[in-house]
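All chains are identified by letter, namely A, B and C, in their written order; residue positions are counted from 1 within each chain.
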Amino acid sequence: MHIEIDEISKQFGATAALHPVSLAIPSGALVALLGPSGSGKTTLLRILGGLEYPTSGRVLFDGQDATGLTVQQRRAGFVFQSYALFRHMTVFDNIAYGLNARPRATRPQKAEIARRVTKLLDLIQLPDIGARYPSQLSGGQRQRVALARALAIEPRMLLLDEPFGALDAKVRKELRQGLRDIHDTTGLTTVFVTHDQDEAMELADLVVVMSMGKIEQIGKPQDIRARPATPFVRDFISA
Amino acid sequence: MSDATFRPATEETPLARRILIGLAATGLAILVLAPLVAVFVEALRVGIGAALESLTHKDAWAAIKLTLTIAAISVPLNAIFGVAAAWFITKFDFRGKAFLITLIDLPFSVSPVVAGLCIVLTFGANSAIGAWLVGNGYPIVFAMPGIILATMFVTFPFVARELIPVMIEQGRAEEEAALTLGAGGWRVFWTVTLPNIRWALLYGVLLCNARAMGEFGAVAVVSGKIRGETATIPTTIEMLYQEYLSVAAFTLAAVLALLALVTLVLKTLLELRHADQLAATHRH
Amino acid sequence: MRPMLNRSPMPGLGLSMGITLTMLSLVVLIPIGALLLKGANYGLAGIWETVNRERVWSALFLSFRLSLIAALFNLVFGVLLAWVLVRYRFPGRRLLDAAVDLPFALPTAVAGISLTALYAPNGAFGALAAEIGWKIAYTQWGILIALIFVGLPFVARTVQPVIEEIEREVEEASATLGATRLHTIRHVILPMLLPAALTGFALALARAVGEYGSVIFIAGNIPLVTEIAPLLIIIQLEEFDYDSAAAIGIAMLLISFAMLLVINLIQVWSRRRIGHV
């Protein structure tokens, strides 16, 4: 799905989290929103997911105005920094949650739900953990379950907030490849937020560097490396 | 879409909120605030003069003095117990700690009447210990010591329960540091531990005191309710009420209700000002 | 097996252990032991004989049944209170929050006479009820109201900290997965509150079963109808029938112990399932 961000701004009280920013994300791209904390990258991601509403501006999905859609209507697969797994539910029930939450008319049969969950567990290469609770999983496993849960609703796009932030260095490397693979298999337009420039450069097709609520530069990783557009970008990627 | 019309995904509709707040406020007003107000309304039914006069009656006065005496003895004893138990439980590692905590909490799940019954059976004239004590001129039941024991029983866990989680959270590092600097045991306690737990201690003592002055069931069983001698404020309230001396009963009740209000105000102040030094459950 | 006591450089072991164990024994353990000993003397059969009298049985049953209803009411109302107090900001919130503690702070005898004054046929609420022919004070309704009063804070106070700890992200995750707010509350929030709510429920129940002071004034104390178990103990004591008093006391103690066990099991179960209490 093609996403267009048109002059989006966001005020929290007197402070501006986003000055009007515009950005076009081509269908099927894997995009990194890169910047230090307070740069507005997470706010932008949450606006895409419908968790915040912009103060002004529009969001377009495939050319249609989606600004007024509620979070439920957006069907954005969202992976939270803390994963936000439901800890009183098994992994299976976590992944099945979105399907079970549908109104009766569109809810799949029990067997169909089970089939889809099993398929997703295979996709994240953890076929045997369906009966476990989140507290019994490692950090890396939790992240993958959160991803599977987001994919279960057949999302129109995948949004990830610091998906590797809570993991140690070794697991992080493995899961980067995992996310790349899942993106390539599903072909979903994917946007992730990170403060780690290596991660952004290695994983993304397109990197959006942000600072203080503004977009500093948009480009392919190698272009940003070769030709930083502003002093901020130069400092940030050489850090 | 503007901010004003946007409702975050984690909030209920304004209508649902209003209904829930309304239910909570109405429920509390009927169930809790109305009885409080009723105490003062009934006490002042024939004017403040009559109310004050009923307080000067010698039985009422004796009850007030007795209740203050009981609290003045049992609350400090329980505070000492609470500090000692919290120290023992949080500064040392031993087997059976969880069981010990359960035993300390036990009085909270025992009916006050059963507590009183236990004390009567242990120290009453029918028991071996009781008979011996009475024989030597130290009656416990139907006398002050029994009331103190009953009061201590029902308020037993208050201080320990408040201190234990706080002291667990604070750990032992500061005490260990003081020890390495050459401080002795008491010095460590007075200069390091006590300053760290003083608000939690005060909090526990406050609740303990409120309950001690208001205890009725356990005291009713052990005191014998001898007017002017072993009748505390709550038992005197009962006697006055049953004699249809409504104003006198409600005036004494109002005294206790005021105490409860003062306790609540102090408790709320402690929670606001010193939340960081209280047990985690009070932080909101 | 780990040693009974690990060596520690901390001072005050003897003193703190001495005070703790001595006072615990003197004030709590020996008296409870005396009651249990009395029970052991005439055995389960003897206790059963006392309990099995119609008047005792109906008092125990009444105490337990009304306590259960009161605790169920408080379970629902307590969760509602906790939610409103933690999540919403409105004028008077602090006052309501403090009011929740009032049943803990107000002595039971005071609550007892004041509830009676309110709900008696000539009282403010009692008169209203009387107009539709509903008698509250001196009936089981009155006992129920008193038991609701004393148990009111338990569920609210155990659930409040749990609501504070719920991460917003969990609720947001539910919404991004397409769940309506009602679905989120039913399938995500309430299950998370369940262990704490059940603990509070059991505490409220235990408190209500043993409650005396706030009940006896409003109850009317008619044998077989509105006579609660704790009152029956006092009546037996006043008749110097210590054996019967002890038997009823033991029955009540066993109910309390069972309740404590249930609370502990809830906590073990919830810790195993979701990794915290």
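Heads up, the rule we're going with is that a residue touches a chain if its C-beta (ideal position, glycine included) is under 8 Å from a C-beta of that chain, and two chains touch if they have at least 3 such contacts.
Because the structure is predicted, anything quoted here is derived from the model rather than measured.
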Core chain by centroid distance, with centroids computed from Cα atoms only: C
Centroid comparison with chain A (C-alpha atoms), farthest chain: B
Chain pair with the higher count of C-beta pairs in contact (B-C, A-B): B-C
Distance between the centres, which are taken as Cα means, of chain C and chain A, whole angstrom: 47
Separation of mean Cα positions, chain B and chain A [Å, integer]: 52
Distance between chain centroids, defined by C-alpha means - chain B, chain C (Å): 16
Shared interface positions of chain C, touching two or more other chains: 172, 175-176
Junction residues of chain B, two or more chains touched: 9
Residue numbers of chain A (touch at least two other chains): 50-51, 71-72
Chain B to chain C touching residues, read off their complex: 9-13, 17, 20-21, 23-25, 27-28, 30-36, 38-39, 42, 77, 80-81, 84-85, 87-89, 91-95, 100, 102-104, 106-115, 117-124, 126-127, 149, 152-153, 156, 172, 175-176, 179, 184-186, 188-189, 207, 210, 213-217, 220-221, 233-235, 237-238, 241, 249-250, 253, 256-257, 260-261, 263-265, 267-268, 280-281, 283-284
Sites on chain A touched by chain B in the complex: 11, 50-55, 67-68, 70-72
In the complex with chain B, residue positions of chain C that touch it: 2-6, 8-13, 15-17, 19-20, 23-24, 27-32, 34-35, 38, 77, 80-81, 83-86, 88, 90, 92, 94, 96-111, 113-115, 117-118, 123-125, 145, 148-149, 152, 157, 160-161, 164, 168, 171-172, 175-176, 181, 203, 206, 209-213, 217, 230-231, 233-234, 237, 242, 245-246, 249, 252-253, 256-257, 259-260, 264
Chain B to chain A touching residues, read off their complex: 1-3, 6, 8-9
Complex contact set, residues of chain A against chain C: 49-51, 71-72, 74-78, 80-82, 84-89, 97-98, 100-102, 133, 135, 149-150, 152-153
